[in-house]
Amino acid sequence: MAFRAPIKVCFSDIDNAGIVYYPRFIHYFHLAMEEFFSSVMGIDYSAVLHERNLACPTVRVECDFKRRMKYGDRIDMEVRIINIGRTSITWGYCGRLHGNEDVIVVEGSNVTVCTSVDTFEKMDVPLWLREGLTRYMNSF
Amino acid sequence: MAFRAPIKVCFSDIDNAGIVYYPRFIHYFHLAMEEFFSSVMGIDYSAVLHERNLACPTVRVECDFKRRMKYGDRIDMEVRIINIGRTSITWGYCGRLHGNEDVIVVEGSNVTVCTSVDTFEKMDVPLWLREGLTRYMNSF
Amino acid sequence: MAFRAPIKVCFSDIDNAGIVYYPRFIHYFHLAMEEFFSSVMGIDYSAVLHERNLACPTVRVECDFKRRMKYGDRIDMEVRIINIGRTSITWGYCGRLHGNEDVIVVEGSNVTVCTSVDTFEKMDVPLWLREGLTRYMNSF
Amino acid sequence: MAFRAPIKVCFSDIDNAGIVYYPRFIHYFHLAMEEFFSSVMGIDYSAVLHERNLACPTVRVECDFKRRMKYGDRIDMEVRIINIGRTSITWGYCGRLHGNEDVIVVEGSNVTVCTSVDTFEKMDVPLWLREGLTRYMNSF
């Protein structure tokens, strides 16, 4: 089964239409990616940045919003690895309503490019990350 | 010329990699849409919500991030209308580096669906909005 | 022992000085209050708002920031009830470094006023809330 | 007259009670301080950070919220210098309702400490800043 990060819609995520402000879902994608590093890769994203000198800035995102979400709702955000290129990783996200997993709330993907934290220069996906992600892709 | 909303990258938009947190660009799209209503449609989006009872939640977004942005950078965010459907509007955004308009920073689009603020039910694009957007589409 | 809400400093909480953007600590206070309702009062703050028609807007906050926090740090945010007035509640917060509880990261308080969600009019602290908070105050 | 930064309450500043999320007012204080540097000190806060290697993290804030604010409201945020110590600066903020300046929306202050961006060590308020702030204090 894909990794799922639990997300709680908090009071301040709500906009003046009474539902989750849509850019917050993209923030949820990032939170889920951070959790993915900690839980699946066994390294906090903060350590990826500051110890391994690797950042994963996003160069493309797309997202379908399928259900309006209210304060107090909970999302289980699935994270998948769609593709590993030479320097880029394509991540897939599928947010399911907590407690009713057939209800898909949000679905999307983003492409990140491996870059040096210091120079911002593009670099190849490091071996430790490629191996970890590949193992994860093959595990379900 | 397309409408352009001036956006300033502020201190808190920056993430721990030292550049704009990528979901903030989607927030910038929303800020630009809000400015578009005030400047081009002649009605604040707050009045659209609370006086005309119309909300425009997003059902899809896609975005390419073409240049990392730092604190203090400024973006001129172009807003275009790509399509007006029966109930939906497709908006296009092109963020240009302020002072160097050939440099495209971010480019994307979203689809909003007209809904009632009270019931969240889908409704046809109201005539006043359709006419205003059409006039704008034909003006350049 | 006072209730403690676990808070994780996330990637986007960091500002361009490389530390937690200070208004985010006030957001952490709110997150901790939300958790307090769920865990201690036995009711989600979303239900307080939407079922009991009660909001607790803040009329005053004060806060001392005692330690800069970085991405990946964790805070255990203690919540205390300092005072229950006729219409107001004074909340105390003490953020301790997770794993090293003698290190106080942030300390502050805010005053909330009970108001009707519909009319925004001030109301007396409802009995269920007064009793729950009093029980909590006497429990340690 | 004190410097005033214009602030627009935007769609996403609103919380699930339909008013400005109270930590956002503290963010408004920061935005006003950023504008103060650009407009009054003649240097962007980004240049203060990255060219002069000076950061002004906050060690204390206090704030009274006097009026609930809704989407579309505008605030003129006055910035005053209350005190200049050896290493610290005390800033005062008074948010007035745009178009009705006698209505005070929010009032507060924070204390910032001059620190090196690189080492995070405390430093004396640099002369250029002390002189600029003093000139400003004496100008009205």
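By letter and in written order, the chains are A, B, C and D; residue numbering begins at 1 in each of them.
By our rule, a residue touches a chain if its C-beta (ideal position, glycine included) is under 8 Å from a C-beta of that chain, and two chains touch if they have at least 3 such contacts.
As the structure is a computational prediction, the values presented were derived from the model and not from experiment.
Chains that touch both subunit A and subunit D are the following: B, C. Chain centres were defined as the mean of their Cα atoms; on that basis the chain farthest from subunit C turns out to be B. At the interface between subunit B and subunit C, over half of the residue numbers appear on both sides, which makes the contact a same-residue one. Mean C-alpha positions place subunit A and subunit C at a centre distance of 28 Å. Our note on geometry: subunit B versus subunit C, Cα centroid distance of 34 Å, whole angstroms. A straight line joining the Cα centres of subunit A and subunit B is 24 Å long.
Residue positions of subunit B touching 2 or more other chains, listed in rising order: 11-12, 16, 21, 23, 27, 30, 46, 49, 71. Under the stated contact rule, the graph of chain-to-chain touches is complete, every pair of chains being in contact. Interface residues of subunit A facing subunit B in the complex, by the touch rule stated above, are 16-17, 19, 21-24, 26-27, 29-30, 46, 49, 55, 57-66, 68, 110, 117, 120. Those residues of subunit C lying in contact with subunit B across their complex are 11-12, 14-16, 18, 21, 23, 71. Contacts from subunit A toward subunit C in the complex involve residues 10-12, 27, 30-31, 34, 44-47, 49-50, 70-72.
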